[in-house]
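Next up: some structures, all given as structure tokens.
Same chain, two partners: subunit A is paired with subunit B first, then with subunit C.
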Partner chain A sequence: MIWTSFLHAVCLTLCAPPLQDAVVVEQPQEPEAPKAQPAVVPVVPAADLRLHAERVYTGTGEILKNALIEVRDGKISSLRPGRSAPEGVLQVKAVTAGMIDLSARLHSNFNSVEQSTEVQPHLDVAGSVDLHDKRFARLARTGVTTILVNPLDRNVIGGRGVALKTHGPMEVEARRLNGRPILRGAIGSEPSAANHAAFGRPTDFYSRRPTTRMGVEWEWRKAFFDAVAAKRLPEKDFPGAEDLREALAGKRTVMIQAWTTQDIRTAVYLDEEMQREGFGDLDLVIDAGAEAWKEPGILVRNSTIVVLPPHTAGGRVGSDGAFLAWNTASLLVGEGLTVCLSAHGAGPGSATLGHQAGFAMRGGLSFDQALAAVTSAPASVLGLSERLGTVHEGMDADLALWNGRPFAATSRVTGVLIDGVIVVDPR
Partner chain B sequence: MIQQSTRLLQRIAQTHLALTLGLLGCSFLLSAQAEAGEKYAVRAGIVHTLAGEAIPNGVIVIEGGRITAVGSADDVKIPWDAEVLDVPHLEAYPGFVEAHTSSGMDRPNESVSVAPFLNVRDSIDPVAFYFEDCLRSGITTVNVQQGNACIIGAVGMVVKPHGMTVEEMLVRPRAGLKISAAPKSGMSRATQAQTLRGAFTGLRLHLEDLVQQKRNGNDFSRREALYQGRDLAGERGKGRAMMSKGWTVEGLELVPRGEVDEKQEPLLDLVEGRVPAWIYCGAPMDVRLALEIASDNGFLERTVLVLDDSCWKAADLIAEAGVSVVLDSTLVRTEMDPKTEEEEEVFIPGVFKDKGIPFALSSRNSTTESLWFQAAMCVAHGFTRAEALAAVTATPANILGLEGEVGCLCPGAAGNVLLTSGDPLSVTSFVEYVVIDGNLVYDRSVDIRTQHLLEGVVPEGTESHAEEPEVEEDTRKKAGDEGGSR
Partner chain C sequence: MHTNALLLASLAFVASAPTSASSSEGDALAIRAEKLHVGDGTVIENGIVVFEAGVITEVGKGAPVPKGVVLIEHAGHLSAGLIALREHAGAVGESNDSTRAVMDEADLSYAYRPNHSEVQGLLAEGITTFVLAPRPGSLVGGLCAVAKTGSEVISRRAYLSICTGANGLTSNRFPTSLQGSQAELERRFSWPQGVFATAVKGELPVMLDGGSSRTEVQHAIAFARRHGLKGILVGSTRLGEMAAKIRAAGLGVALSSYSPSTGRRVVEGAVALAEMQVPFGFALGSPNNHPANLRLTAAACIRGGLKSGEALKALTSTAARLAGVGDKVGSIQVGLAADMVLWSGEPTDPGSRVMAVYVDGDEVFRAEDDENGDDK
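Now for the complex of A and B:
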């Protein structure tokens, strides 16, 4: 028995999450305008399904008691409160919309980083997504039904993120959610980490710029200035220039990782500089904005959306040594800002996205605000509010089924529906 | 004049304290602050004794550091001279018990592989933030043991997370010897097992050698003991026959116990059942070695297994051996079928509960997942509240041999009380006060670090409040052709 266990253990070690086999290649893309999303085809055609919940937290401030939910073709076809559970129907304690993690960090490894230059706005991370990765299913089991997959922040501008359901067709193009395009980049120490100057030692791959925080900032500004200049001088055009111009025109969201207050400032000031220069106005989302609590004012004046990293017991979080106060979400929401929470991809067995919502409540967020921060707020960032983030008729049947009050430490997600398919059966 | 008299009073007080401490002798170690007779009482909205029904409007009376009475305010009279913590808006719970940790030490591991002669007492840092954090999360009893990277590690001790010195913190010295059945870094499993078995063979050879020396009539060991300044008076000067359930050395009664090599003595204590063993298993296969060592050397009954989350697979073996366990902080383990690659989640406490194995939960230190959270996770996975709370109170208390002493609010137990703003398993509840041995040791309203963490309050003088620089209106013309060269 010990031996079988041993073999099992060895196999588990060997079968660690596979590395992606796809490598990002330069894909000069015609920037495409956001188009109407074709209906996602579930792996198996969604059987018509009925579900009875003691409480449905719709995400619009309403709590429906004893509600009967009907699902047809992957969508919620009807939602009727005050019904008794019909014979044989799936019964659960509580239902919320499936949770959305905008910083799931699923492909945060070097295979998702094209390292030929620091600025790669034209790349699409979809090219390096491995849908066979077990972490999709693990996230699904915690009630996370949609994630934004971003390139690793080792480039200054890493490329375009891709929003995906955590379960569905095994082709990225079929599964991707074409909402609002998101351009991903970073400010702080991470994009320059491990880079070094080329003198005094043999030249290697890391002999490149930038090597400092200020170098990273300079890359950002240069990229936007170059993109604007290239519009007038076609010979100065470069791959990705059009993507940057679209970002300046507000046609795509710019999501910048900035942990500390100094980096959050840099991001906001970058946006404001673009406005002053008359280049445009970035639709800015700060990811991992742990220290947003220190200077909420600059975020308010720029209407910046903030995605918070996971809460920690000591407050310190991330590679830049940022301090996340637990009332940050509550403080920012109080200032009228849109806040999303993230578990940075934590699967079962650790503090999941649902737990993060609970922790934000520990810091003073109300239940409704916490629910919004993991459902409707991220849905609106993705430009998918019409389909995701709330529970009502016509929405995608992405549901988290709970065995108690959502986000309480004493309850958990026991069932999950994605596009009407029971991904985790609570029975 | 006034100053002089104040100083005089202080000196009298100091002398009085010194005398009291002197009279109490060693017993002051057990409760350094609460002197006998000092009275403290808590009046709370609900008292959850965890040893019976919850008591609305309850009172806990603590005298000399011990609980003397618990009951409804109508039934229990608070002594007139007791200091009272009157908190009708709060709920009282017994302090949580951390059954095993390697936190709070300077460095948790010694590089010497077999080092039973070490004691964590010399490594515990009373001002470590870890102990402060224990109070915040309601932990009032901590079993500090060497880390898992050892073969035979140091002697551990049970402490309370409060006090300026290790002596003040002490609850129980010599709370067991740490052993690891999992290979330490750089060792193969075979070497680990062989060294572990060899340590006990070494003890046996040493004892046999001492007996032989006595029979030969030489006094090398006595001279060595005297040379090292070891105590050979009283019991230490007498020999005792070996009292082990595993193996024995004939004629050990000839050897005064003080002559046993200091480096071997803790192992002899283990074999003779005077101290428990905490054996770490890093994989299911380690469980067999751990049980073999414990059983061959006669200390199986006093063995607690400290388990990695993978060890649920050896639950049958553990149940058969009848030992208790301390679980890893990872409560949900993802197992993958190597053939189908299907993943399955195992809720580990559930496995041990089903097999009837007594288990204690442990905190995931330095994260949000402290004991309360672990207990809450158990409720989320179908445990009753009583079962979940027992895994962080009564069960670890039993495992530590402190049943009735900690982990419940009952007469005779240590006066360790948590006052929480609500259900301690709820994310929105807080530990507002902690009383240890009848002393108020934690008050959240003056906890600067918690305020920093929860409210983003930067304590005065700890960080410069940088002003946001004025952004001047940029009057330059819009960047044109030279845009790229800036």
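Now for the complex of A and C:
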């Protein structure tokens, strides 16, 4: 707690400029429509919800002042700046798109990873998501409106992830966001953590490879090689082979947890080997890539997207003791890489995704870059840019309502809309 | 014990404590109770039940007692023997084969030990029939048996036991995950063979242990609907919250035992299920739960608003119907087995005691202090 307060203080002093902005789009007031117009008045149904914001950070570099947002059927039906607040309308200081966390980790722990074999590309984590888990509501309260849930990283290839809003129908299939499919796996010490050599212990299925990082890497390569072989030899087919081939064909994003330099290397080299073999080109996302800053070049040459883990005061993150520097996000963005931030599902009272954006700004990221890293960039990874990540007419009405400049240490999310529903009411 | 002086039987055997009474060798026997609970909700004042060769032959207020038949006067209540859905008595170590996740042909009747002390302990609480089910820990645990307490197995295919939730997982064999479990069960039920095909046809009910959480129960109900399965849900204290969905799926429920930590949910669940007219009985799960818990759970539900008659039905006739043995046990009706409990008072009143228990017409239990004529 002490260092968290410290971070807040640092943020307050270093990265919280007053509410003044680079790009302000001022639009003239539309003239009032003439009053008495009989006969052909178009019948426009009343908006489900209207709110007025002093500033709307659209996510495309614009800041709309005094904007009136109308919501209908869960979408933003109208967004008009330069309006005075009509009486009785919900008024807020600032609005951003709802934040998106690609590594929220709201799985059901060991019930969410099928450990009977290391490679389970065909299993969908959706079956083990517990929407009644209070962590969903807690996360929504921090302004995170969409998350990607992945299996627990105890397998080499854990299976399919599922993108979900943090509020909505209480059935996963009804809430599932059908964007770009995600195949989740891990490189590092975690996939081999439970495995052991056979002798000296009772025999069970944990007596198996991998017990080392080398074994983990071997399992990845074997899985892809086997999937390619099974295409030619149907008798070698196995569950999940098609998922792996789809990944090689670029139809499925491969999201690999790799904290340290060596594990990030392994992931990229795996992709490059697949390309050399002519098997395909993985659409690669490194999750928890804390040490991506050490060798950004290999990520640049492979156009790899990086999801960073939450910052810590000492910089050490994850079970492998990877080092995440304050300026990691800034450095990677400076290299031209797409970076997403994550709070690993931290709820209110801890370092939330909004705080992570503030920390990254302390490390040099601009406001717009930080906003993108928690909204439009992850929306793009999920293949949902048409619906999520920016504030525009026609987009899902997933909004974070702030009581001041977003990500500033003195600001917080005071209200949340998800699909046009007020999940957290700021009033 | 207060004894009614009026005797109608030709042989005036006036006793509240016969040393032993039996009808199984062909000797008919009759009992008159101050209140006779038939099992369908009706109560007959001073009702007489006559049984011979283990089967009830006459029931009614003025039921004729054949000449030469002993009439036992019982100054208290009489009901059918209680039925515990999902029970492990005497078979804890034998009722779950952990080597494989799917034991679709495992037959629980082979795990039944009628003379086990845990089984005998059920009789002292008026439980005359129970569903012997596998302990959780497998995806498919086997075929549940319905056993008479201390006596015969009367059904070997009451349910196919399935865990769709976390209760079916173990960490050292497939599956270790919910998604793995779901994939396996979907495979088994989408291209059904053997008992799975029978279950999909609706000919073999399932005992679905969804797990404890609401999400797991949702999955279980959806699973049953997807494959058109009939049967009961067990294993969660959340079932009452989903009464409407359970009703829509045409399923029944075996309510979990009352405990101080989950009691409110069990109690409110029973009330909700009764309101939605979802058929339900009570699971016991002895020896982890004391056999008395069956009736104490029902009493707790009554305290929470469940009608006493509904509670007794859940303990007897509804449970019998859910277990597929309603034509054999669960009611005081002509043609059904003479499985009865003589109570000191209202059967669902926790202050009432079991005075005597009959299984197939045999007196198999009698309260010891009854001999002193002291029921307090």
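One rule holds for everything that comes next: the second predicted complex is superposed on the first by the 377 of 427 C-alpha atoms of A that agree within 3 Å, B and C clash if a C-alpha of one lies under 4 Å from a C-alpha of the other, contacts with A are read in each partner's own complex, and residues count from 1 in each chain.
The definition used in the following text is that a contact is a pair of C-beta atoms (placed from the backbone, for glycine too) under 8 Å apart; a residue touches a chain by one contact, two chains touch by 3 or more.
Since the model is a prediction, treat every value here as computed from it, not as a measurement.
Student: For the three-chain model obtained by superposing on subunit A, do subunit B and subunit C clash or fit?
Tutor: On the shared subunit A, the partners fit.
Student: Determine, under the contact definition given at the top, whether A:325 touches first (subunit B), second (subunit C), both, or neither.
Tutor: first
Student: Tell me which partner A:124 touches in the superposition: subunit B (first), subunit C (second), both or neither.
Tutor: second
Student: Touching A:134, do we find subunit B (first), subunit C (second), both, or neither?
Tutor: first
Student: Identify the partner contact of A:313: answer first if only subunit B is touched, second if only subunit C is, both if each is, neither if none is.
Tutor: First partner only, subunit B.
Student: Contact-wise, after the overlay, does A:170 reach subunit B, subunit C, both or neither (first, second, both, neither)?
Tutor: A:170 sits against subunit C, while subunit B stays out of touch.
Student: Could you figure out whether subunit B or subunit C reaches more residues of subunit A?
Tutor: B
Student: After overlaying the two complexes, what is the shortest C-alpha distance between subunit B and subunit C, in Å?
Tutor: When the complexes share the chain A frame, the smallest subunit B-subunit C C-alpha distance is 9 Å.
Student: Looking at the complex, which residues from subunit C come into contact with subunit A?
Tutor: Those in contact with subunit A are residues 166, 169, 171-183, 213-216, 218-219, 222.
Student: Which of the residues in subunit B come into contact with subunit A in the complex?
Tutor: Touching subunit A: residues 129, 133, 283-285, 287-288, 310, 313-314, 316-317, 330-336, 338, 341, 343, 345, 366-370, 372-373, 376-377, 379-381, 425-428, 452-456, 468, 471, 473-474, 478-484, 486 of subunit B.
Student: Given the complex with subunit C, which residues does subunit A contribute to the contact?
Tutor: For subunit A paired with subunit C, touching residues are 108, 110-117, 120, 122-133, 151, 159, 170-171, 204-206.
Student: Touching subunit B in the complex: which residues of subunit A?
Tutor: 1-3, 5-9, 11-12, 15, 134, 137-138, 141, 221-222, 225-226, 228-230, 232-233, 236, 265, 269, 272-273, 276-279, 293-295, 297-298, 311-315, 325-328, 331, 347-351, 355, 358-359, 361-364, 403-404, 407-412
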